[in-house]
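A, B, C, D, E and F label the chains in the order they appear, each numbered from 1.
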Amino acid sequence: MVELKLITDFIESIFPPSFAEDFDNIGLLIGRQNKKITKAIICLDCDKNVVKEAIEEGAELIITHHPAIFNPLKKVTDDTDHGEMIVSALENGISIYSAHTNFDSAPGGLTDSVVKELDLIPIGNMEGELGRLCRAPFGETAKTLTERIKEKFGIANLYSTFTKNKSIETVAVCNGGGGGSLVETAKQLKADVYISGDLKHHEVSMLKIDDNIDFIEMRHYDSEIIACEILYKKLDERFMGEVNFKISKVQSNPLIDTNLIK
Amino acid sequence: MVELKLITDFIESIFPPSFAEDFDNIGLLIGRQNKKITKAIICLDCDKNVVKEAIEEGAELIITHHPAIFNPLKKVTDDTDHGEMIVSALENGISIYSAHTNFDSAPGGLTDSVVKELDLIPIGNMEGELGRLCRAPFGETAKTLTERIKEKFGIANLYSTFTKNKSIETVAVCNGGGGGSLVETAKQLKADVYISGDLKHHEVSMLKIDDNIDFIEMRHYDSEIIACEILYKKLDERFMGEVNFKISKVQSNPLIDTNLIK
Amino acid sequence: MVELKLITDFIESIFPPSFAEDFDNIGLLIGRQNKKITKAIICLDCDKNVVKEAIEEGAELIITHHPAIFNPLKKVTDDTDHGEMIVSALENGISIYSAHTNFDSAPGGLTDSVVKELDLIPIGNMEGELGRLCRAPFGETAKTLTERIKEKFGIANLYSTFTKNKSIETVAVCNGGGGGSLVETAKQLKADVYISGDLKHHEVSMLKIDDNIDFIEMRHYDSEIIACEILYKKLDERFMGEVNFKISKVQSNPLIDTNLIK
Amino acid sequence: MVELKLITDFIESIFPPSFAEDFDNIGLLIGRQNKKITKAIICLDCDKNVVKEAIEEGAELIITHHPAIFNPLKKVTDDTDHGEMIVSALENGISIYSAHTNFDSAPGGLTDSVVKELDLIPIGNMEGELGRLCRAPFGETAKTLTERIKEKFGIANLYSTFTKNKSIETVAVCNGGGGGSLVETAKQLKADVYISGDLKHHEVSMLKIDDNIDFIEMRHYDSEIIACEILYKKLDERFMGEVNFKISKVQSNPLIDTNLIK
Amino acid sequence: MVELKLITDFIESIFPPSFAEDFDNIGLLIGRQNKKITKAIICLDCDKNVVKEAIEEGAELIITHHPAIFNPLKKVTDDTDHGEMIVSALENGISIYSAHTNFDSAPGGLTDSVVKELDLIPIGNMEGELGRLCRAPFGETAKTLTERIKEKFGIANLYSTFTKNKSIETVAVCNGGGGGSLVETAKQLKADVYISGDLKHHEVSMLKIDDNIDFIEMRHYDSEIIACEILYKKLDERFMGEVNFKISKVQSNPLIDTNLIK
Amino acid sequence: MVELKLITDFIESIFPPSFAEDFDNIGLLIGRQNKKITKAIICLDCDKNVVKEAIEEGAELIITHHPAIFNPLKKVTDDTDHGEMIVSALENGISIYSAHTNFDSAPGGLTDSVVKELDLIPIGNMEGELGRLCRAPFGETAKTLTERIKEKFGIANLYSTFTKNKSIETVAVCNGGGGGSLVETAKQLKADVYISGDLKHHEVSMLKIDDNIDFIEMRHYDSEIIACEILYKKLDERFMGEVNFKISKVQSNPLIDTNLIK
C-alpha cells in the first residue's frame, strides 16, 4: 500500500507533463488525491465497464492512456455512459489518472517503444515532440517492414499504399492518430514510408498519388496495444510488493471482426 | 418519499427551462437521476459546507439558485473547494439541481417576486425575458422607494445616486447582477430609477452623471435572499408529507459586516 | 460523339448541384467547356495515372466522384503529382468533371444506392441531405446485417463494435466519411447501428461505450466502390452509340492488403 | 502661470505612460496643447458639473484620474451628458488631462500609496504592474486589518468574507476594480486576504468558499478617494506660486447613503 | 433664422437615414443641437480651412457629404489637423452635420442625379441600395457615352478600358468609390460598362481583360462635384429668406494639375 | 537555348524571394519546370492576349510583374478570361513566372530604380522592405520635382495636392499601390511629399488637409512602366545569344484616354 501521490509522481518523473500537447488533458482527472492504493487497473480507455471491473477487483485507482475527461463537462450525472463512469467511480472511491501525449512523446514513451519494437532508429521528431522520423535497418523493403509490423503487433490484416516491393531508407512513425498536418509533414521530411492511423480516405489518397512516399496503416488501437504493457512493466517493477497492478480484462479493440459476433 | 423526477418536473413546470439565458447551466447538474427523495436542502450557492449539512441532515437532494457548475470542468477531483463539493456529494449519493435564470425570469419567478414585494407594477421586460420595467405607486419619491426597499429586504445601509428627493414614475428592476448592456437598456427605457446589483464603479458613475436616471444599488445577495423562501413555499406546498424541504442554515451573505468578526 | 455540355447537363439533371454541400467543389473543374466527346473515363479519384490512361485510351473527358481540385490552387505547375495531373490533362486536351456530394445525396444517388443494395428502407435523412436513417428488414440482427454487407460489397474483413448478436430495427448510413457531428446525430436519431467510414478511434470508442448504439465500419473506399458502376450504367444507357464510357482500370483502393505486395 | 506642457511633462515624469495598461486611454484627451495655465481642477471623474466648476473658478485645465474619454466617440455633440461635458469644455477653452493606470501602477503611485497608508510592506506585483502582494505587520489579524482600513479611509461600513478572527501574513491589494483574472491571481499568490473592489457576487462567493483566502471589499471609490490628495500634493509642491491647484468640490462618491437624501 | 432641427429634419425627410450603409456615420456629428441658424456652408469634406471660412462668413452650421468623423476618436485635441478642425468648430459655436450614403442612395439622391445627368434610365440597384444598373439611350456607343460624361461633368481627361468604339446597352454606375465587391457585381449584372472611381490597378486590369465589360473611370471627386449643388438647391429653395446657404469656396479637388502650382 | 531553371535562378539571385510580402504569390506559377527556353515575353500583367502573342512569337516562357495567379483557384477552365489564359498557356507548353514584391523591394529592384530615375537619395525604407524615404536634391521644390516626374516617366497630366510651390527636403516613394497603412507611415516619417498610386479619395483628402505633407499621384501603371525595361536589360545582358527576350507589344495601360477610342 502506498500513497497515490507516490505513484503519480513516479509516472510524471518518467513521462513529464511538459511533453503533453497543449490541447491535452492529463493528470489526476477524477477522485481524491490523498488515497492509499493497494490495487490499480491499467487501460487504454476508461468506460463504465472498467470501473465495474475495478470495483470487483477492489482497486482504488485506474490509470488510462486516453484522457478520462476530454470535452469539458457542464454536468456530472448518470444520464450518459460517460457520466455514469464518473459517478460510479466517485461513489466507489476510485480515482482515475491519465497519461496521454506526455506518455506518447517523452523519451522512452509509447512512440519510442513502437519505434524500438520495429527495429527502427529514431533520427528526429516529426512536429514538436510528436512522432519520429527514423532510419530503417540495412536492406529494409516494403515486404520486410510490413511483415515485421504484423508479427510484432499481431496484426492479421495490414494495409498499405504499396503496389510493389521497394527499398526503404527512412520511415516516419506517429502511433495513434496522425492525420491532419502530420501527413504533409511526413512528405516534407522526405520519408519513404509513413506509418500511422486515423487518416481519412482523402489523406490516404494524397499519399498514394505521391510517388515519393507510401503509407502503412497501423490502426489507432493496434499501435497502442502495447501502451498498457509498457505502463504495467514500469509500475510493477517500481512498486512490486506494495501495489498490485493489473491490465484491464474488459477492455478490447472497440472494432472487432464481425465473424466473432456471438 | 417521491421520485427525484417528480420534483424536477414540478420545478420545470413553474419555471420552464425555455426562460433560461443561453449562457446559463441549469437542471440536474450533479448525481443520479433515479433517486428516492425524502429530504432536500434549498440554498443560493452550493459549497462543501452545504453538502456537509445535507449529509448530516440525511438529505438526498440539494436545490440551488446559482448553478452548481458554471465553468465547464476538465477535472472532478478534490484539489479545489469546488471539486471537493462535487466529489463529496457523489460519494454520499447526493444529487444537485439548479434553477437559475429560468427561476429569475419566468412569470411568478424571482424577478416578479422582488417587484411585487416592492409594490411596483410591471409593464414590460428589460431585455428578452430579463428584468422588469415597472410603474411606481402614486406619489412615489426617492425617499418612499428607498425606505420601502430597506424595510422589505431588511437592508441596513442602502446606497443610491440620489442627491435630493424627487418624484418617481418608472422603475427598472434587475435583481442579482444587472451590469453590462442592461445599464444602457435602463436608460433607453427612460426609467427614472434603476434598481440592480454587481455594477462597476464606471457604470454607476455613468448613471450618476446622467440627469434623467438614478441608480439604487440593491446588492446581489440582498435581492436574492428571498429566492430560498419562494422555492421553499412552492415545494413545501406541493410535496407536503412526502418530502421534507429545508433552507440551508450554513449559507449566508458572503460579505459580512466586519464589525461582526468574532 | 456529343457536346460535353450534353453530358454534364444530363448528370446535373439526375444529381442536381443544389444537393451539394457548401464546402464542396463540383462541376467542370479542369479544361475546356466546348468539346466534342467520343470517349470518357469514370473514376473515384483522378490522379496522373488516370490521365495517362485517358491519353492512351483516346478519351477527351474524365468523370470523377471526389473533386479533382479540392484545396484552392496558387500554382498550376508540375512540381507536385497533383499539379502534374492537371498540367498533363490540359496539355492533352482532356477535361475533368466532378460529381461529389450532389451525387451522394440526390434521390437515387450513391447513398440511396448503398441503402438499397443493403435491403434497408430509408425513412429520413441524417443531416440536411446527408446520410439516411433506415428501417431494417424484419428479423434483422447484427449477424444478418454484417453478413449482407460483406457479401454485397465483397468485403473480406468487416469490423464492428458488436460483442454479441442482437436484434436491429433502425440503421443510420453515411457512405464515405461520416465522422464529426454525424456521429452524435446517429445517436440522437436513436439508430441501433451506424454504418460509416473515416471515424477516428475516439469517435468509435464513444459509440462502443454507448449501450444503445453500435458501429459497423464500412471503410470509405468500400462504400464507394459502386459509385463508378452507378455512373457508368446511367451514362452508358443515355449516350449508348454516341459516347464510349469506361471505368478506369488503373484506379484501386489506395489501401491494399500488404500480403499482395509483389 | 506656466505652459500646459510643463505640467503634463511633470506628471509623466513621476507616473510614466509606459506603466499604463494597453486598454487604457491617458494623456491630454480634450482641448488645446499650447495653453497658459493659471488654475487647475483635480478630480476622479470629470462630468459636466466639474466643467461648470472649472468655468466658475476660471481654471484652464482639469486633471482626472479616470479617462475623460473611454469608449471611442463617433460624435462630439451635446445629446448626452458626456458629450455636453466635452462641448462645454471646448467652448470655454478648458483642456482635460487624464492619468489613470500609469498613476495607479507607477512606483509611488496610487496603489503604493494605498498600501503605505495601510502599513503593509509590498513584496511584489500581482499581474504585470497591477496590484501589490504585501506582507502584513507582525501580529496582524482580520480584526486589526479591517479596523485600520476603516480608520485610515474613513469607511463606516466595511464588509468581508471573514467569519471569525484569524492571523494574517500576506495581503494582496488592488485598489479600484480588481475583478476578473485578478481574483484567481490573488489565490495563486497564496495571499491570506485580497483587498479590492468591483467584484461580482460570483467572484466574492468563490473567494468565500475557499478556505485559504478571505476577501475584504474596499469599494472602488473608497480606495481612490486619496487619489486627488496625492496629485494635489505633488503638483502644488512643484508649481507653488505659479499655478493654483484645487480639488473639485462638486465631485462625490456616486453612491450615497440613502438616509442622506434631502 | 431657423432652428437647426428644422434643417436636419428636412434633410432627413428627403434623404432618410435608413438608406445609409451600416459602416457609415451620419447626422449631427459635432456641436450643439439647439441652435439658431442664419448662415450655413455646404462642402464635400470639412477641414480646418472650411471651419475658418465658416467663422469668417459668420456661419453657425457646416453641412458635409463625407462624414466629419469617420474613425472613432479617443481624443479631441488640436494635435492633428482633424482634431484642430473639431476644436476650432466647437470653440466658435459651429455645428457640423453629415449626409453621406443616405444622400448617395436615397431616391432622388446623388447617385440618381448622376444617372439622370448622363441621360441613363435606372432599371435596378447594384448592391442593396448602392449603385444603379441603367439602360443606355438608343444608339449609345463608347464614344457617345464618354463624350457626354466629359461634357456634363467638365472632365478634361477621361480614361477608360475601351480600345475601340462599340455599342452599349447597359451601364452600371457607382459614383464616389466603387471598388471591392462592386467590381464583381458589375460583371455579374452583365453591364456593358461600369462607371465608377477609386478602383485599384488590379481591379481595373481584371475589367480590362474581361471581353464582356469595359470600365470608365470617373474619379471620386469628379462624380461628387455636383453633390454640393444638389444640396444647395434643395436647401435654398426650402429655407429661402430664412437661412443663407453657401457652397464652400475654399474646398477643391484635393488633386490638382501640377501645371497649376503657383 | 537554356534550361528554364537557369533563368529563374538568375532572377531569384538578384530579386530574392525573401523580399516578397507575405500575401504575395511569386515564382513559377503555371507550367512545367524542366523546359528548354529559346524565347521569352516580359510583361506587367499576363492576359490571354499576351499568351497569344507568345504563341505567335514561339516563346516558351512569359515573365510577369503582377502574379499570374493571385486569388487561389478552385477551377482551371476556360469559362473566364483568366482561366482561358491558363488553359491556352498549358495547351501550348508555355510556362509563366512572376516576380512581384521581391522585384519591387530588393536592392536594385523596381522601387530603387524609380527613386534613382527621379534623382532622389534613399535614406531608409517605409515599412519593412516596402517603399523608400528619400532625400531630395539641393534646391528641390514642388515645381522641380513634378516637372522631373513628368519628364522622366512621360506623364502628360500629373496631379498633386500642392496649391503653391514650396521647398522640399524629404520624399516618400511607394511605386505601384501605396494606400492603407502606408499613407499614415508617410506622415509619421515626416516626409514633405508622398509619391504613390492607388490611394482612395478619402486617403488623398487626409493628406491634403495635413499642412505638413503633400501628395503626388503617380498612378500605378505609370510608376511600373519601367519594370519591363529593367527586367529586359538584366535578362538580355545575362543570357545574350542564348535566349531572345522581348517586351510584350500587346500590353498597355488598362486605362486609355477616351479621346483615343477608335
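General observations
Definition applied: a residue touches a chain if its C-beta (ideal position, glycine included) is under 8 Å from a C-beta of that chain, and two chains touch if they have at least 3 such contacts.
The structure presented is a predicted model; accordingly, all values stated were derived computationally and were not measured.
When chain centres are defined as mean Cα coordinates, E lies farthest from subunit A. Greatest Cα centroid separation from subunit C: this falls to D. Here the spacing of subunit A and subunit D, counted between their Cα centres, is 55 Å. Centroids of subunit C and subunit D (each the mean of its C-alpha atoms) stand 67 Å apart. Distance between chain centres (mean CA atoms), subunit E to subunit F: 31 Å. Viewed as a network of touching protein chains, the structure reduces to one closed ring of chains, two contacts apiece. Traversing the ring of chains that begins at subunit B and proceeds first to subunit D, the chains occur in the order B, D, E, F, C, A. Listed in rising order, the residues of subunit B touching subunit D in the complex are 45, 47-49, 66, 70, 80-82, 85, 142-143, 146-147, 150, 156-165, 176-177, 179, 197-198, 200-202, 204-211, 215-217, 219-221, 254-258, 261-262. Considering their complex, residues 25, 27-33, 69, 72-79, 86-87, 90-91, 93, 95 of subunit E touch subunit D.
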